[in-house]
Amino acid sequence: MWSLSNIASGIHEWLSKTFPSTVVTVVEMVIVGVCVISLFAILGLVLVMMERKVSAWIQIRLGPNRVGPKGMFQSMADTVKLLVKEGMTPTGADKFLFNLAPYIAIIVSMLLMAPIAFAKDLTMWNLNIGVLYVSAISSVSVISILMAGWASNNKYSLLGAMRSGAQIVSYELSAGLSILCIVVLVGSLNLNDIIASQSNGWWIFKGHIPVFIAFIIFLIAATAETNRAPFDLAEAESELTAGFHTEYSGMKFALFFLAEYVNVFIVCAIGATLFFGGWMPLHIGHWEAFNHIMDFIPSSLWFFGKIFFLIFLIMWFRWTFPRLRIDQLLNLEWKYLLPISMFNLLLVTAMAILGWYF
Amino acid sequence: MGNDELKIKLAELFPKATFEEGAEWIQMQIEPSDWLPMAQTLRQDASLQFDYLFCLTCVDWKTHLTMVYHLSSTIFRHNIVIKSKLNRSKAEIESVSSIWRTAEFHEREVYEMFGVHFLHHPDLRLLILPDGWEGKNPLLKDFEDPINMIKL
Amino acid sequence: MVEELSRTEEGNIIINVGPQHPATHGVLHLVITLHGETIQKVEPHLGYIHRSIEKMCESLTYRQFIYVTSRMDYLSSHINNHACALCVEKGMQIEVPERAQVIRVLMDELTRIASHELWWGAMAMDLGAFTPFFHAFREREVINEIMEDTCGARLTMNYILPGGVLEDLHPSFQKKVKDFIVLYKRKIAEYDEMVTGNIIFQNRMKNVGVLSAADAISFGCSGPTLRGSGVSCDVRKIYPYEIYNKLEFNEALETAGDSFARYMIRIREMNESIRIIEQLIDNIPEGEFQAKTKAVLKLPKGEFYQRVETARGEFGIYIVSEGGTTPYRIKFRSPGFSNLSALDHMARGGKIGDLVAMMGSLDLVIPDIDR
Amino acid sequence: MFIINYIKEIYSGLKSLVVGLRRTLFYFTHHKEIITEQYPDNRATLNLAQRFKGEVVMPHDENNEHRCTGCTACELACPNGTIKVITKFDLTPEGKKKKAIDKLVYHLELCTMCNLCITACPSDAIKMAQTFEHSVYDRSQLTKVLNFEGSKIMDGVE
């Protein structure tokens, strides 16, 4: 059957036959790099468009509808605008850090792409500690925000960066704990193993209420970690004008913007992998016929469908809720999410030991 | 308290004040030097309780300035108008911002618009006019600004 | 601000909020002193949109100066105009026909609803929820269309003359207002769903910017700000003008004195305005819509004060007349100016996010403050 | 007791959030509620209110005649000096001198659409038009002469 893994192995075989092994590795790396970068670009365009349409429909507007059919090329036009804009560095700013920060943001989100299984047998890096890797790398993103806020020499930026630091560090805890729930159930940190364990049903269905609670907590923590409303205190438009990226313009701003959307994509990909079975089609117990039909839908479609559903949830939150205050944000984490997720982890552990899941 | 009763009461309390006739509310004319103790009495007297200073302004009569205070009571709902003539060349009056805190802003506005100096005001600076404003106070009748003012 | 000035000795930092800032809804400039995120001091700097309307009015006749006042509190421009017309009528003792009075009150209440709708959307937007802003504009648009039909303009209506109103009601007025009432009652429930009941919103608003009754009175606050602290101060009730003493409506009162109390007052005020409109819309008396006035209006020598209840609070106009065709001196007592003076007192000890919620709940309109 | 309150708090909080989410989902799925007007495209179907105050115009009939006598009532009524009436003296057929307008200059950029000139006009010579697309590239283009070239006063208007 035609599949992505066949294409990949075909290319690999052809390359190994014609070139020495070093060249093969280099060429393959270049191919992967190009693929990731083009995925980035496409994701940026699609997600910006999606955000604009979702917000427009919720706000009883039409949204972009002028550039191209139904406004499909609006985000292209925006990209061109951002590219030709002057990238300014304010006087008094720490020039090196100021220019470095957006690249760190984008590099972090690129690194996060590595262990994700996009389709059946399509992983850039089949890492046996995939979950640990993701939660470790994602906390690096706070450095870029702190760097941007500090280097801008702007008090709004600094405040935004400080808020973001406190926020990301604390929400990592509950995100980690809710991820642990699944790890406990599966017994592996490898994302591919986690997906394989869901071949007879997704964890969100198999795991009863505790996994559902873990999913809700993961969703909240993921929203907070990506600095999306209602947790967008680092940007907080009505309070800090634009928070840590107040002074950024042009392409450097675009990189932050892109990094935000790619981060959203990645946390949703992780969420889909952990709770919704990654690329695994919807399988229900022993209904062989039903499961067989579901298998006909390509695995990458399943995966992207789940991701975009989760992204829609996060966008839906953004356009419905007001923003929290900084102390309430920390209260929510330390007084509500953390105790609940710890207790929940206990429940899940008990469940895993006793085998009370399908 | 009706206007008449109020007037009797006020005349009793402030024998030096003179009353003007023919207006909707009682209008009391006082000396600027009497103003601060009088304001305290107006605010604190149990049957007066003028706790709401809703309008504080100044009128330039070319020969003199008149401070106008509109006071009202949120308990008894009676209103009075206090007026005080100020010397145009040396306009000074005690600040009442310690009694009615809203006066702080209103007095700053009058200070920059009319040049009235409020003694013992906590923070008498320009509020509306740009920092470093030089020249006459804009709401005085002899203020001229040939650039920005359009005469029709 | 120069680097040396931006840092105080205690390690506090000074931040300029405004004159261009998303939360100030105009050109308000606040210099706030922060300790970490906690506000130590708020110092308003005004004057960015000061046009000296008071001075301008001294050279305009009593018919002309009314139109300048629309530009102060542009969201309740009709009520401002109303105050001016009332003051001139009081001075000249013009008897306004009953139909004109009813029309004016109807328009006042519609303006009040429109103003509160905009405030509601802006309030939610200040707190980070963008959607309500657009939803509020949907209802406000209906009112604007009603205004456009009758007055010929949407924001600065210029509909009032001393002695009555400019034109009679448009034939479609009654039907459109009734349609609006039906629409409004359906949509107000959605407002509660989206914003009022929301736990995040309530936490952001409750116990934020608490103003005790004594402080609120001392700061000369008025309107929803004073009523939120539990002091009855509705000019329509206490010093009734036009036909308000014949109407049945409640004065919205809350006792908490925080931002949420002020929010609830405005929401309830909208409902009361709808009640007033419902009472009047079927009972508009027939007759003249304008009293006969002289071609040249001359106020007798003296001083006249008139106050009305705008959407933001008590708006007062003080005219000193020398008997001529133009006023000798005019003073506008704008509600926003006094309400703003309480901001420093309220904001101390709060967070930056609280400042935004407080400014939203004060419903500041900057041209009204600067005049 | 503490635990029960804690759970109740979480439940009521989540419920309020879900209520809000349901409302926004309703609007997300019901595109009939969209109220956007695509302005420059809907020019043909645009309905302006009859009384909309867009600019002051002077109606002329088919003989290029208007009703303005040049009495300057509008000029006096205007709060911002928007209207300037420039008069001249015409010779009537009887040989008398008669005052008439040479130009009625209207500064649209100063106008606040207060309608006072219209109410002041004794002969209904001017009225408000419903046009509203007034933007031009040069401020001087906003200064208009309301009476047409070579127009006369209508017979019978005093």
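The first chain written gets the first letter, and so on, giving A, B, C and D; residue counts start at 1 in each chain.
By our rule, contacts are C-beta pairs under 8 Å (C-beta built on N, C-alpha and C of every residue); 3 or more make two chains touch, one makes a residue touch a chain.
Small disclaimer: the values here were computed from a predicted structure and weren't measured.
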{"item": "Path length in the contact graph (subunit B to subunit C, fewest steps)", "value": "1"}
{"item": "From subunit B, the most remote chain by mean C-alpha position", "value": "A"}
{"item": "Which of A-C and A-D has more C-beta contact pairs", "value": "A-C"}
{"item": "Chain nearest the global centroid, as defined over all protein CA atoms shown", "value": "C"}
{"item": "Centroid spacing, where centroids are CA-atom means, of subunit A and subunit D in whole angstrom", "value": "51"}
{"item": "Geometric centre distance via CA averages, subunit D-subunit B, whole Å", "value": "41"}
{"item": "Separation of mean Cα positions, subunit B and subunit A [Å, integer]", "value": "63"}
{"item": "Centre-of-Cα separation between subunit C and subunit A, whole angstrom", "value": "45"}
{"item": "Junction residues of subunit C - those touching two or more other chains", "value": "131, 138, 194-195, 198, 200"}
{"item": "Residue list for subunit A, restricted to those that touch at least two other chains", "value": "58-61, 319-321"}
{"item": "Shared interface positions of subunit D, touching two or more other chains", "value": "17, 20, 23-24, 35"}
{"item": "Touching residues on subunit D, where the partner in the complex is subunit A", "value": "10, 17, 20-21, 23-25, 27-28, 31, 33-36, 38"}
{"item": "Subunit C-touching residues of subunit A, taken from the complex the two chains share", "value": "55, 58-61, 155-156, 159, 163, 229-230, 232-233, 236-241, 319-328"}
{"item": "Residue ranges of subunit C in contact with subunit B within the complex", "value": "44-47, 50, 52, 54-55, 59, 90, 215, 217-222, 231-233, 238, 302-305, 307, 314, 316, 318, 320, 328-329, 331, 333, 337-338, 340-341, 345, 370"}
{"item": "Subunit C residues within the subunit D interface of the complex", "value": "60, 63-65, 67-68, 131, 138, 141, 145, 148-153, 156, 158, 161, 166-167, 170, 190, 193-195, 197-200, 202"}
{"item": "Subunit D partner contacts - residues on subunit A that touch it in the complex", "value": "54, 57-62, 65, 316-317, 319-321, 336, 340"}
